[in-house]
Each structure stands twice: as C-alpha cells, then as structure tokens.
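Structures incoming, each one as structure tokens.
You will see two complexes here that share subunit A, one where it goes with subunit B and one where it goes with subunit C.
Now for the complex of A and B:
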C-alpha cells in the first residue's frame, strides 16, 4: 500500500470502514470476475468429456464436431444427446456439465409444451425460460457481462474526452471555454434516445458503434465537473509555483492539476457505471440497442412487460437489474463519503 | 446583476438554434421520412406490392406528384434554407402540421399537456412533502439506525430507473394482485361517473405511475435537504444561537431550517422541464397519453413536425428553467451576486 499517498490511505481506510459500500464493492468485483469466465458455469458445452479413453475440454476453443463422438454430422455435438447416450450405453464414458447447462442462445423445447417454461429445478431452468425457450439465468449472466463491459467501454471514452477537454477548458478559459460551454449546453439538451433511434434506423448498431454513439452524447457531465475543478485548482499556489519554474501548460495540467482532481474522477466512476448500464438497458428495452439475439436485460424486461402473465420473466430481469444497480450505487455512495473531508458537528 | 441575466437570456438564442438545428439536420439526413412512409402506405393501399428494389420507377405516384409532396413538406430546398423557414414559422408561433394526423402540432401538444402537467405537478408536490420532513429527520438522527435504513431504501429507489420500478409495480400490483388498473389515465366508464368517482378513478390510475415518477427524485431531494441542514447545523450562527440561550430545537426551526431550504428552492427551476415532458418510458409502460409518449410515437412514426415541436418546447423550458434557478438562488440568498468580478 505504499503507492498511495497518506491522504489516499486515509480515504481507503474510511472506505473500508463503510461496511455497506465495502461489501458491495467486494461482491461486485467478484461478480464481474466470475462473469468473465461465465462459460465455466453457464454453457451448453460440458466442462470435461471422457470418450473412449480420451479427455476433451470443449468449453473454450473451436467446436467439436459430432464425428468425434461417433455421430454422423459435422456441426457441433449435441451434448445433451451425448450425455443420455453415455448413460444408456454404460461403457465408462462420462462428462461433467456446467451448473446451468444452457447457452444463452439455444432454444430449448420440452416435448408437448410451448415455451415459456416456469422455473424448475428438475428441468435445470432455475429461473425458467423466456418466450423463445431460452434459459433466463443464462441470458441474465451473459447479459450482465455485456452490460458491464459496455459501460466500462463507455466510461473509458467519456473519461478520456471529459478529463482532457474539461482540463483544457478550465485552464485556458476565455473564448475556448465559452464556445465549449455552449456546445455542452446544446449537446446536453439534445434528446440522446431520439438520436440513437434515428441512427439505429439507418445502421444496426453493434457493441462498439452503440458505445461510441452514447459516449458522443454523455461526456458533458464529467467535462463540466473537471472544468470547475481545474478552474479552482488553477488559482492555487502550487500551480503558480510550477508556472514560475517554467513548467509547460500540458505539464501543469496533467502532472499537477490532474492528480489533485482525482477525487472528482473516482467519485464519478460508479455513477457512470450505473448510467451506462441504465442507458443500454433502456435502449434494449425499446428495441434500439444491441441486435438480437444478444443476451440483454432490456430485452428480457421488454418480454416481461408484454407478457405479464409469465411473471418469472419480468421478475428475474427487474431483480437482477435492481441488485446490480443498487450494489454499484452503494459503492458510489461509500466512495463519495470516503472522499468527503467534512465532519459535521452539533451544538446541542 | 441585471446585465448578467440579460446576457444569460441572450445566450439562450444561439443555444436554442444549435439544439434545433442539430436535430433538424439529423431528421433530414435520415432515410425513411414522411414521404417514404406515405409512398409505402400508398403502395400497400393500391395493392401494387412491387418490391422495394424497383425503386422510384414503379411507384404509384408520378414524379410531379412526388415533387408536389416534397414542396409541401419543404424537402425540395437545401437543409439550411428550410431550417430557417421553419425557424421563422416558430418565431411566429406556428409549429406546422403533424404529418401523421394532419392536425396542427400546437393542438396535438396542448391536447396532451394537462395529463403531463397533472403528473408533473403531483409528483413534485408529493416529492417535496416527503423529502423535506424525511431529510430533516435524517439530519437530526445522523448516524442512527433510522438514518442508515432509510438511506439504504432511498438509494435503492435511486439506483433502479423509474420505468423499471414501474414494470415491477405493474407486474405485481396490477397484473398479479389486480389492485390497480394496468394503465391509462382514466377508466373506460369515466364519462358516466360522478365527480367524486372521477377523482377516485384518476387517483386509482395515477398511484403506480406516481410511485415510478417519484422514485428517482426522492434520493436527490432527500439528501439535498439532509446535507444542507447538516451543513447549517455545524455553522457558527447555530452555535451563537444556542449560546445565547435558544434550545437546539429553536435554533433549528428559527435559524438553520430556513437557510437550509435554499438549495431546494433553487432546484425548483430545473424541475420545470421535467414537469412538462415527463418520462416517455414511464408513460409508455403505463400507457399514459402525455407529452413523453407523444414524442416517442412521433419519432417512431417519423412525424418530424411533432418531434421538432416538442423539442422546441422542452429546450425552451430547460433553458428558461436554468436561468430561473439562478434567479431563485439570487433571490433566496442575497449574498450571491452573479456576473461580478470577485
């Protein structure tokens, strides 16, 4: 912990002491890490297959065609069929399936019944299936991964623009500041959803284009805070001292002012994650987000609201969204408090 | 001070032009405008289900008619020219005609306005009524179990988007328990009800949407109230007040409370645009025929005059609201002087 300044260490201590935020942080980080290897828990490919004295690990890598396991087709092996055949033939072959043995894209059908299927432990659809027979838990988990990665990408772009532009605006001031103030005012007034809906009707947005498009209309908030912060820091003595010894503008901005405005950047982080997830979800909900069949919370919400009689669909999506957003908000609140030097006193 | 606000007022003009120009240009550049939509409808109606790849040659409208249509909507001119024509009309308070209904945009908007205003104003009043006492109580009990529990609840309602709360409410209270109707502003038999029953009917329909609307603003207002009161409580003048013999309670009610209401008053200006435009997602879920839903449908149906009309109103409200909140700040706190060199 030596890389942190004494002030940083104090803030870390404070953050750790705020139990609600700290445990949310630990839980959230583990959820994100687990979701990165979601293929090990939620997949229609088995973890391990032993077939005729050879061991296969189909989880990652290319598909294993049916011919490897003695079927006469070239496409990916149907592992559910293979598993039941293993049980039937009793010749020592075995496989281990993940806890949720479904991929988020596969349509599962139970004979004689139409989807959606309600949650059931025996069918291994722990949260049931959606209208197309896809496992909801699988789609929630992969949807979580996409949403988190999406908002992190969005956040990176926003931060790069916001920090550099905001610093320059606050540092230079004058006409440059005035012009960008107007641009920010214009952009924050333009209905983002409208523009995305218009663009979505021309091109089908993918993960990258959608993130860049959203970023183009969401960098203003951070820029504004950064600008104000730079303005404030600019009048401090250390900046004057740096200028006196002949430091260049870029050096003053990024070597001196930026490290001192770090509290703004850190405090803003969780709330940016929340707004990223929320934006993606509402776009998907309206059908202007990522193209189907991408697993998505918004799409599940949409299915849930248009089919209110199958309550497990809406319930799972709402619960997942609420839990994740609440966790991130708790983290954000704890960070904010850890960076807040105010101590309140009472004269009672 | 006056000079500052005049300057602010004048600066809204370029901003307003910037906002409307940006959206105007976008609506023009995008394929699938009202003419294309009309052509498609005309094709469907005449039964000539010619494939799209045939292009303009096989369409049921002649070139002449097409040109007439384009001239009617102003599509025959360069974008900038038709933008300034549109702007000149807006200055004369003419927002044009809806391409979907053929009605004047102004009428279409004012028709829905009462509904949006009803929800906006009710939400705001309820939020203030709930947040001010809650914020005060939380400030006084800072660090107590009540403070922690209520904070957690307020944060949860802040974290979940209003429309998701709406979905949860509608799925549980309306579809499952059937306590509330599934949506709409009033019931089917509204016209035949007595006045008292009408009020009951509106409230019955409004309960769930109001919960969804309030959820988001609850956290901001409550914490604004709490933090501002706590800041004032640790100020020197409260110490002076208690030192001269006032009880803690008197010091709060006579001195700290009034000062701590200032940030809430200034927040009021920013609420104006929200009051009118509402949230189209919430309106969509509860099938409320307000401004938000109108804008959303207009965009999906490419009814650009309506889209632009709503944009004009919401942009103006936002810009005026910003200036209003500054005015509120100056009015509530005489120490603040805008536009003066410090």
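Now for the complex of A and C:
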C-alpha cells in the first residue's frame, strides 16, 4: 500500500472498516470478475470433452463442428445430444458440462409444452425460461456482464472528457470557461433518452455506438464539480509553489490539482456505474437498446412486465437489478464516508 | 410570360367542356342496379355510443397519396371515401355506392355510371361528374409525388367522360372481365372544389389537411401524436341506402395512439378500449384469460374467413451484393425454420404460407409449396457455390466476405420468432442479424430499398397483383413496392400480358406461371398464414348473429364493409357496476367456422 499517500491510506482503512460497504465492494468485484469468465459456468459448450482418447476444451475459441465427434454435420456440435450419446454408448467417452448448461441464445423447447417454462431443478432451468424458451439465469448473467462492461466503458469516456474539460475550465477560467459553461448548459438540456430513441429508430445501435452516443450527452455532469474543485485548488499554496518553480499548466493540472480532487471523482464513481446500468436497461426495456437477441436485463424486464402472469420472469429481472443497485449504493455510501472531509481533511 | 399559358389553358378548358357536353350516353345500354343482394348487417343494431380503438403510431401524414402516405391509418381515411360501386363481402357481386346504376360498354373496357344526385361531400357540396374527372387530373399530377398512382391512372385508366352532372363513363386501357372492370377502373371522386389547383407545395400543404369525404364518418378532433377522432355524420346522404342499413352505428370512433400492444391490452382490460384483436398466439393464449373472461365481462370470438391472404414473409433485396446470387436465396429459404417457430412460440396456431398469392381462388397456384427447412440442401447449395469455407464461428466466408445478413423488421413482438430462425440459420453457416426498427422507420428503410432482408406483410387485393411488386419499372428506385428489386425481362413480359389479358382462363394460367417464377427466384420467402381472425370484446359491444362476412378480416372494423357492431350503452353501465360487485355473466367463447377453408 506504499503507493498511497498517508491520507489515502487512512481513507482506505476507513473504507475497510465500514463492513457493509466493504463486503458489498468485495462481492461486486467478484461478481464482475466471475461474469468475465461466465462461459465457464453458464454455457451450452462443455468444459472438457474426452472423445476417443483425445481431450477437447470447447469453451473458448472456435466452434467444434459435429464432424469431430462423429456426426455428419458441419455446424456446432449439439453437446446435449453428444452427452446422452456418450451415456448410451458406454465407451469411455465423457464430458463435464457447466453448472448451467445453457447459452443465453439457445431456445430450449420441451416437447408438447409451450414456453415460458417455470423454474425447475430437474430441467436445470434454475430460474425458468423466458417467452422464447431461453434460460433466464444464463441471460441474467450474460446480461450483467454486458451491462457492467457497458457502464464501465461509458464511465471511462465520460470521466476522461468530463474531468479534463472541467479541469481546464476551472484552471484557465475567463472566456474559455464562459463559452464552455454555455455549451454545457445547452447540452445538458438535451433530453438524452429521446435523442437515443430517435437515433436507435433509424439505425439499429450496437454496443459501441450506444455507449458513445450516451457518452456524448452525459459527460457534462462531472465538469461542474471538476471545475469548482479546480478553481478552489488553483488558489492553494502548493499550486502557487508549483507555478513559481515553473511547472507547465498540464503538469499543474494533472500532477497537482487532479490528485487532490480525486475524492470527488471517487465518490461519484459508484453512482455513475449505476446510471450506466440503468440507462442501458431502460433503453433495452423500451426496445431501443442493443438488438435482439442480445441478453439484457431490460429486455427481460420488458418480457416480464408484458407477461406478468409468468412471475418468475419479472421477479428474476427485478431481483437481479435490485441486488446490483443496492450493492453499488452500499459501496457508494462507504466511499463517501471514507472520503468525508469533515473527519479527514488536512488543511495546513 | 404567363398570359399565353392562361389563354391556352382556357382554350383547352372550353374545348374539353364543350366536347363533354357534345356527347350523350349511348342509348343501347343495359343499366344494372343490384338492389336486392342480401344484407350482411343486423337491422336491429342500435345507433349511438363511442367506440375506442388504437393504432401503434401516429400517422406521419393525413394525405392519402404521396410520400409516407402508405401507412396503416390511410385505410381509415380511404374507407370513408366511397367509390362508385363496391363488392358484396360474401358473394363478391357488385353493389352500388355513389353510383346508383351502371352499364357496360361494348368495347369491354368501359363502364357507364349514373351517380346518386343526393351524394354530398362532408362540407355539403354535391358530388358531381367533375369530381371524378378531377380524380384523373389529381392522380396523374406529378405534384402529388406518387409514381405508382401517376402510372396507374395514366396507363390503366385512359379516360373519364362526363355526359351530364351525374353521368360518367370510365374507360380502361385493356378489356377485362366485368367485375374486374369495377375493381381496376373504379374511381373514388376527389373534391375539386377543395383542392382547386395542384401545385409544387401540395405535399407540404396537405400533410394535415382534412379532405372532404363521402363516407359515413369524417375526422373530427385531432390530438397530434395522441389520438384521432372520427365523427359520424348526422345526416349522411347514404345512410338509408340498402347496404348501409344497420351499419356504422357508433357516433364516434376514437383511435388512440398506444405504441405497445401490451399496454394497449391493459387499456382493453380496463375498459378503455372496447375490443381487441387477438390473432397473435401470445395474446390469445397467455393474456386473454382470467376473471374478466370467466365472469363473462369480455367475450371471445374466433371467426374463420376465406379471403386472399396477406403476402407475408421475408423479402430479399436482389440489389444486395450477397443476395443477388439466386443460390444464396434458395439456400437461405431452406435454412429458415419457420415450422419450428409455428410449433413453439406460435403454439401451432398459424400455418405456413405457401405462395405469394394465397387465397385468390383459381388465381392462386396451390401446387407450389414454400421451401421447407432442410439444412442438407441449404449446406449443399452453399458448399457448391463458393461458400464452402466456414469461419471459426461457423459462419461461412468467401474471400473477405462473411455470409452475414441483416433482417430488418418493425415489431418487437417478432423478436422471439426471428431469434429462433437465427439459431437454426447458423447451422447452415448463415448469420442473421436482427435489426428491429420503429415501425415508421422500418417502412422508410424498405421504401428506400436499404434493407437486405425484411419481414413484411402486404395487404391483399382483388386479384393477384404483380406489376407493383415484380415489374422492373419499379425496381432499383425508392418509394415503390418492388422491394425485392426484381428485374427480369421474362417476368416483365408476362406481367404485361397478365395485365392486358381479358380471357379469364388465360389470365389464370398467366397468374400461375408468374407464381412459379416468383417461387423459383426465391426473392420472397413466405412465412405465416392465419386462416381466421379472432378477438375479444367487452359484452356491451354487440355483433350480429353471424359477426362477419366471408371476407371479414377484422370483426371490429368500424368502417369499410364493416361497421356491423354497435354499443349497448345500458349494458356498458350495467357491466361496470357488475364488475364492482363481481356479478357473473355466462362465459362467451364462440367459434364461427361456416367460411372455414379445408386445406
């Protein structure tokens, strides 16, 4: 922990001591990390297949066509069929399937019954299926991964733009500040969701276009805080000192002022994550988000609310959303408290 | 500079009017009135009340011609613009509308009409022969920016003659069977006194103008983006005509914009909408049940009909780099597992549509069967046509091109259907990207011919229509209905022959031949056919004993050949109180299969 300043170390300690926030943080990070390797837990491809003395790891990489396992088709092997064939033939071939043996895209139909199917341990649809017979748990987990990555991407872009512009505005002041204030005021009054809906109705957006589009209209919030912060820090002695020894503007801004304004950025961090997830979810809910059949919470929520008679759909989506949002709120709370200047401020 | 023009115009005007007056009706005509065909409405229907329905999007314009006018709302407008004659919905015989009688010319191209002298526009002006003459000027004008109409009214209808204020004749380009003369050459009048002179600003000027009409209802209050009201005319000139008796009963028809059918259904359950068409299986099986139905507040109807079926399916743009290869199109048709969609999410309620023109009686080529899902065939075709390599993800590649195709569609209710197709198409090495668009942008994309594949259902006609969908005149340009960009010389010839043929048998033969070519080219992949209409309505909405006719597509259609239902206001109040006290009525769940087609 040597890379942290003494102040930072104290803040970290304080954060760790706030158990609820800290454990939420640990849980959240583990969820994110696990979701990055979701293919190992939730997949219709097995983890390991041993077939005729050869071992295959189909999880990542190219598809293994049916011909590899003695079928006569060129497309991806139907592993569920392969598994039952292994059991039948008893010739020492085996495979290990993930805990949830479904991909978020595959439609599973039970002969003689119409989807959605309710949660059931025996069918391995632990949370049931949606209206098209896709496993809800699989779609929740992959949907979470997409939402969180989307949110982080959005956050990175908005922070880079917001922070640098805000800092420059606060640091330079004068006309530059004045002009950008007005630009930001105008931009902030643009109804983002509507803009995205209009654009989405013309082009079908993908992950990147949607993130950039959202970013283009949501970097403004942070600039205000960064600007005021910079204004304040700008008059501190250490900045004057840096200027006196001839440090460049960039250096002052990014080496001196920015690290001292970090508390603001960090406090906002969890809430930005939340707003990213909510934005994507609401867009998907309205049908203007990522194209079908991308797994998405919003889309599940939409299915659930339009088919309230199948409670497990809406219930799963709402529960997942509430859990994640609550975790983030706990984290946010703890961070805010850890950075609270009333307890730990160091003015010389 | 303008003077000579005016003079010339004046001269021609004088010439044309004097010429028209010069002629009189041939004396040897046999006039037909047909005032004795059976009535299909219930004469005991009560007048009054309000009927509320919904549409998914607010119309982009109220014009019925020109850019963006071919939207679903246009059918409401057109249904209130009466034609000269109309078709009896059961027997398909000709029945009078604005014309009181008609007669056929010897050339087999001309129909003479005597107009009802009582016919009035909604603004009180009388409907005269000049309004029919004006229709031709109007539809031929380039200012209306409607190439299809421009063409139709120039090449198909050659002249409209006026004999006196209430007698006209219409001559078409080619001789046709008698009933078809009415269908193809029949006109609706256009209010000359309203439009006066057409100009370059027509499109903009008339976007939101309410045009005088001749039908039972006229647009009343418009709440832009929210709802449009139609008000029944108090003293409609045709209200006592035989075929209008017992119809058009409600005083006001409100069409609300509800952008999501699920939300609309909730409005229906609350009683804000009087009826709900429940053709979609998800709705019929999953939603239309529960207390409201068990207590008899809402009644369910299934009505089998026998009518031309919507040409519904996937349209492949042949101007596209990949899809211009016929082999790919055929392979794609074999790689789409529509049967699985029918058996799963559609709950076996729909049938597979087999051809582009189904349900047109003898004119349909019923020997044709849609290409079935057959991965072996699909894979074989692709393997032998340069697409034998598969990428790591199983999608075929040729050089640097992936066999990845975009499917644009306009209804999110179809997400599940197409995602099932996507799963199976991957097995043939075809990637299907689902591109959902808002319904009006979807329509725009198609009209601009910017799609690769689109899912769409065309509305139906009287006889199979080929020219608009398959003639090369309409290919490679925006705003036409040839959305497959079919451009085939042999087809062009056959289409023109079909258009000009008067002999019924030959015409049927040509129609079947064209159907085979359409099938052969595989630019259209048929999807589903629904042999019935079904829906539910609150018990205060009353329908006749037989709730529709053979060709009824919508039991709750307020206009056109519908308007059969009525609202029982007493029962409405009664039902609303009964709901509070949970009083029960008998459950109504009726099936009408007198018009069912046995396939």
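Some points to look at:
Definition applied: the second predicted complex is superposed on the first by the 342 of 348 C-alpha atoms of A that agree within 3 Å, B and C clash if a C-alpha of one lies under 4 Å from a C-alpha of the other, contacts with A are read in each partner's own complex, and residues count from 1 in each chain.
Following the convention adopted for this analysis, a contact is a pair of C-beta atoms (placed from the backbone, for glycine too) under 8 Å apart; a residue touches a chain by one contact, two chains touch by 3 or more.
Given the structure is predicted, the values throughout are model-derived calculations rather than measurements.
When both complexes are overlaid on subunit A, subunit B and subunit C end up clashing with each other. Within the superposed three-chain model, A:201 lies in touch with subunit B and with subunit C [touch as defined at top]. Applying the stated contact rule after C-alpha superposition, one finds that A:62 touches subunit C and leaves subunit B untouched.
Of the two partner chains placed around the shared chain by superposition, neither subunit B nor subunit C is touched by A:54. In the superposition on chain A, contact of A:309 is made with both subunit B and subunit C. Contacts of A:235 after superposition on the shared chain: neither subunit B nor subunit C is touched. Once chain A of one complex is fitted onto chain A of the other, the partner contacts of A:133 are limited to subunit C, with no touch recorded for subunit B. Taking subunit A as the reference chain, the count of touched residues is higher for B when subunit B and subunit C are set side by side.
Look at A:114: by the touch rule set out above, it reaches subunit C but stays clear of subunit B.
Among the options 4-12, 22-30, 76-84 or 94-102, the segment of subunit B that ends up inside subunit C in the superposed model is 94-102.
Residues 201-202, 305, 309 of subunit A lie in contact with subunit B in one complex and with subunit C in the other. By the touch criterion stated above, subunit A contacts subunit C in their complex at residues 61-63, 65, 73-76, 105-107, 109, 114-115, 131-133, 201-202, 204, 287, 291-293, 299, 305-307, 309-310. Contact residues of subunit B toward subunit A in the complex are 11, 14-15, 18-19, 22-23, 26-27, 30-32, 142, 148, 151-152, 155-156, 158-161, 163-164, 167-168, 170-171, 174-176, 182, 230-231, 233-234, 238-239, 242-243, 248, 251, 281, 285, 295, 299-300, 307, 311, 314-315, 318-319. Within the complex, the subunit A residues that touch subunit B are 20, 182-183, 185-186, 189-191, 194-195, 197-198, 201-202, 274, 278, 281-282, 285-286, 301, 304-305, 308-309, 311, 314-315, 318, 321-322, 325-326, 328-330, 333, 342, 344-348. Those residues of subunit C lying in contact with subunit A across their complex are 260, 262, 282, 285-287, 343-345, 347, 375, 379, 390, 392-394, 408, 412, 415-416, 418-420, 422-423, 426-429, 433-438, 440-441.
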